[in-house]
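Have a look at the structure that comes next, please.
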Amino acid sequence: MMIHLSPPHHHGGDSIRANMLAVILALMPATACAVWLYGWLAVWQILTCISVCMLGEWAALRLMRRPSRLHDGSAALTGLLLALVLPAAVPWWMTVFGALFAILLGKQVYGGLGYNPFNPALSARVVLLISFPLAMTSWLIPATGSGGLDVYNAAQTLHFFFAGTLPPGLSLDGITAATPLGYTKTDALQGISIPDSLATHHYSYIDAFIGSEGGSLGETSALALLLGGIYLIARGVIRWHIPLSYLLTVALLASLSNALAPAHYAPPLFHLLAGGLMLCAFYMATDPVSSPVTARGQIVFGAGCGLITWVIRQWGGYPEGAMFAVLLMNCTVPLIDHYCRPRVYGYERRP
Amino acid sequence: MRRLLEHIWGRKPFDGGVVLDMHKDGAQVPITDCPLPEVLIHPLKQHIGETCKPLVAVGDHVLRGQNIARSQGYVSAPVHAGTSGTVVRIEEHPVPHPSGLGMLCIFIEADGEDRRQPLGVMMTNWLQRDPAQLRERIRAAGITGLGGAGFPTFIKLLRDQRHPVNTVILNGIECEPWLTHDQRLMTERSDDIVHGLAILMHMTGADHGVIAIEDNKPEAIAAMQDAIHSWQCECEHIASTSVRLEVLPTRYPQGSEKQLIQAITGKEVPAGKLPLHVGVLCQNISSTLAIYRAITAAEPLTERVVTVSGQGMPAPANLRVRLGTPIRYVLAHCGLDQLDGMQIIHGGPMMGERLKHPEAPVVKSTTGLLLIPDDTLYAEHQPEEPCIRCGHCGDACPIRLVPNLMADLIRDQQFEQAEGYQLFDCIECGCCSYVCPSHIPLVHYFRYGKGQLAQLRQERAFAEASRQRSEQRMARLEQEKAAKAARRQKARARSKVATRTADKQQEPPA
Amino acid sequence: MTEFALILVSAVLVNNYVLSKFLGICPFLGVSGKTETAIGMSFAVMFVMTLAACASWLVQQFVLVPLHLEYLQTIFFILIIAALVQFVEMVIHKSSPVLYQGLGIYLPLITTNCAVLGVALLNVQQDFSFFSSALYGFGAALGFALVLVLFSGLRERLAAAPVPAAFKGSPITLITAGMMSLAFLGFSGLVKV
Amino acid sequence: MNSLVFAVLALGGMALLAGVALAIATRVFHVEGNPVAEQIDHLLPQTQCGQCGYPGCTPYANAVADGSADVNHCVPGGERTMRAIADLMGVEPKAVEEAAAEPMVAFIREDECIGCTLCIKACPVDAIIGAPKHYHTVIADHCTGCNLCLEPCPVDCIDMLIKPELLEHWSWPLPDTERARTGLKRRSQHAQAA
């Protein structure tokens, strides 16, 4: 039997592993930020997520008698991403459930790497949010904030994380606070205008940019996420189309609405820095497997994400819409791929 | 102005493409002659199009340059004897083809005299000749695109009133790694090349001649610059024409005709059309030299320059090889007797084919022979992993296809859908496979898909023809049956009448 | 104006018939194998649903209410829907035999599509005006079509995926539908209806 | 009592109305013949071999179109034809019962042929030529390899030969990678399971 090898007989040397490691590297600033804000709690959270994801992947592939793919780092990346979108105060079993959901139902059920239509980390995040709405919307006040909690040393956080017991004298209400998206939403329901709401909660753009405020582990610091995102674009791991069109759409819609009715619509910068938008724009929406492949398709995809994010934030029942937006747009990827192909050389029109 | 803007914006001269390690090891090695082997092997098809028909029989004595196989059909190029000698065999022999299958070849045993038979008169006064006459000479000389594709050259030189050619582009890009033969030719025979360009411009009536070279060949650029200058001094009388040198940034696959035209003129060749339709003629350097020789020296195409290089080659060489020389002989001349553990690539690493039999001869489309150790080659072909849809393949595609989606469709045997993604526009440059982080052999999938589609077409056509024949047969049988029935009825009627008349008393049977 | 927009948004996204009300699952799973068939089915359902919403409103207002026959609602509505479906079936058979083949049994089954009957009954329940019910019917059909077409795209992609043997076929389809439903939950609370 | 009459009348009237409307629609949208049968016929390889149990390709196409035959009876068409038909009919693909053999072509050993013309009569595509008492020969380009001429030959002088592989007709095989192979295997398993 003759083996036919087709040209090219030359390869550029790129690999899946290199791509995944680059994304993990790009997430390092955000991870560092999470540790800075939530101390040991963040460490336990992240380690649990990553190890459970890798374990789940190993077991699933083992069960299906398929070769192990742990070496390519995709499971670790899913774990890290999931950890970064979870609130710090989530108990361990929720984390484990989320991680297993991400790997098993988000990814392996579809045939493993490359076939999942939805972003695994985000689908797990949404399942957790819908199943445990209270736990998933309790945001710990960061260590650098006013709380000054001593839950942030190794032993007590372990206790808190695994047994769920708080140190004596502390109640969960006392150590949690709403995120800017959360309090503007609840205030809006009580008829308080956005500027007033922001003023009463001492909102500051600088804090939001650096990330010293409540939120999920890794999504608070826009600065750290931006650094990683720019690194990814510069290295050519992701393209600029999705993040740019995503962020631009949100900014555009926010500035238009804010200009028309500043009392009801938050300013664009608030939207850009708030919630999981940055994380979703640079790391979730750009997940290559669940996003369109063509440049034109990616722009459409990003714009769709932006539109849905803004609509849900503005009028929806949930304060944050970024993860729903990405998941919803993930549904449309096959159609976008099919209809947004570029014009082929030598043809007048696009197919 | 456009160029300046592009320079500021840093626009790529064409879409997609990749930057490769060029490995132009043989760039400084002058062209030398490869000695004549004892037996030359001439395959009957060395071009795109119809197979030729032999004009000689076993035992015939032929001269170098004698036409030994006539072209059949329009898209075809005749074959000429590589040296003087005797036809010893006409039989199947391996040829450079990815299938490794053989083809009918004419074997000529050299008599060592190497006597020539010219094609006709030497047309040194080509400027006074009719372009149609020159075109016929090029056809008769058996010249094909020597850049590797092997499309008969004369077809591109059609003078069409509706599509006047205004620019002739000489393709001195040589964007494949390792290959250096065109670069050496431009350095060593720049004057002849410029004359060849002038012939092409005369034939097509073009006003502009462009010689395109990538910026990694400074010597060739300098030589061509001098040649253009001296030619311009020589022919000041042809004032309306202009010849210039275009130095382009190095990028693969700039040497592909369509991409080069886009890089130089900014225009795209419409799908399914020739460059003629955008007023451009694109010609390879080697082909241009062959045209120059065919017209001024009445020499048909019997030799070409081949680069012998690669990781497994200690000293790279640029050899002038007689067409039909067995590849094993060429390699032996370069000091490689032992081919174990070596793979031979026929052509460049990006588009060349792995050669299955070193006994195969050098043919018109042999641009280079690369010797690559087994391990090195297999390291380039790593096992395929799942597609992560990163889209790098689409970014690298010079014709803006979506390779990963096409490969998915082909893997799923949905060939017609893949065709809807313009599968047949793929030029198989290999950029997509080169950049793929999952090591998916995309080009291989596309070739498989194209082959399956062609087969499907063929089967459909055959089925349609069979159906028609079957229907005709049915109609005929039907007709015969009807005729028979009619005859029988007539006969019965007649016999009835006969019985009645013979036996009037008796009742006819019920 | 705002009211109509809200009805439309609510019917298409928030209270999507397939993903939030879980009506019309049968054709949703049955004809979503190929995008082309799904688009054909979408148009058929859109046509039937909008007309059924209009016709059932008319019947309700001018036949059932005056004659005090509200208890016969279901039978009357099914009669109307069945006639409409028969008509659509004939049109499709004439205009596109391939689509007719592709839709197969699911085309006549629009008759028993609970989404269509659901629209007719909900219109009555919500006391919509004629235009509102037509719009609601159209919106619901649009939502059905949107989800069906998106889902068919996903399923085409899934067809080539090496899904583990135990999950091949219906399981993975249902899981994917569940995922979509999860994503559509993001729209909840968008319109307070 | 009254309301019951009303109910019956209203429902009956409604049904009558719908019935009349549909009757008119039937007239307007009447469909002649079965266009799907023709499309199926175009997908079949037209070997006219009868291995499907029908006397030719067109009868089989008609049978598939009206639902009386399965999509998997065409042996020479192989899996590809079956898939194409299943696609067109919108049914699940099924495994073809027998594996398609390599493309064959009939060849008559002329020195043994007695010129009986039986094979000529048997050939469904008129690919055999010859006159009574003269050698017959097969037009290789027209032969569909259906084997129908083997049976009637009284002296068994017809051979089925494998069509030679020509360089011009060679096409690239599927890449020899694990993924491509499992893909192919998956498809055939799927077809068998269905």
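Should a chain be cited, it is by its letter among A, B, C and D, assigned in written order, with residues numbered from 1 in that chain.
By definition in this document, a contact is a pair of C-beta atoms (placed from the backbone, for glycine too) under 8 Å apart; a residue touches a chain by one contact, two chains touch by 3 or more.
Everything numeric here is computed off the predicted structure, so don't read it as measured data.
Peer 1: Determine which two chains are connected by the greatest number of contacting C-beta pairs.
Peer 2: So the pair of chains linked by the most contacts is A-B.
Peer 1: Where the CA atoms of chain C average out and where those of chain D average out, how many Å apart are those spots?
Peer 2: 37
Peer 1: How far is the middle of chain B from the middle of chain D, if each middle is the mean of its Cα atoms, in Å?
Peer 2: Chain B and chain D have C-alpha centres separated by 38 Å.
Peer 1: From the mean C-alpha coordinate of chain B to that of chain C, what's the distance rounded to whole Å?
Peer 2: So the centroids are 56 Å from each other.
Peer 1: Distance-wise, how many Å sit between the C-alpha centres of chain A and chain C, to the nearest whole number?
Peer 2: Going by mean C-alpha positions, chain A sits 33 Å from chain C.
Peer 1: For chain D, what residues touch not just one other chain but two or more?
Peer 2: Expected reply: 172-173, 175, 183.
Peer 1: Provide the list of chain B residues touching at least two other chains, using ranges where the numbers run on.
Peer 2: Where chain B meets two or more other chains at a single residue, that happens at 98, 385-386, 411-412, 441, 444, 447.
Peer 1: If you look at chain A, which of its residues touch at least two other chains?
Peer 2: Chain A, residues with two or more chain partners: 4, 6, 112, 115.
Peer 1: Report the topology of the inter-chain touch graph, choosing from line, ring, star, complete and other.
Peer 2: complete
Peer 1: Can you check the complex and tell me which residues of chain A touch chain C?
Peer 2: 64, 105, 108-112, 115, 117-118, 123, 126-127, 130, 308, 311-312, 315-318, 321, 323-325, 327-328, 330-335, 338
Peer 1: Which residues, counting only chain D, touch chain C once they are in their complex?
Peer 2: Its residues touching chain C are 3, 6-7, 10-11, 14-15, 18, 21-22, 25-26, 29-31, 34-36, 39, 88-91, 182-183, 186, 190.
Peer 1: Within the complex, which stretch of chain D touches chain A?
Peer 2: On the chain D side, the touching residues are 172-173, 175-176.
Peer 1: Hey, which residues of chain A end up touching chain B in the complex?
Peer 2: Within the complex, chain A touches chain B at residues 2, 4-12, 14-16, 18-19, 72, 74, 112-115, 236-237, 239, 288-289, 291, 293-295, 298, 337, 341-348, 351.
Peer 1: State the interface residues of chain C toward chain B in the complex, per the touch definition above.
Peer 2: So the residues of chain C touching chain B come out as 159-160.
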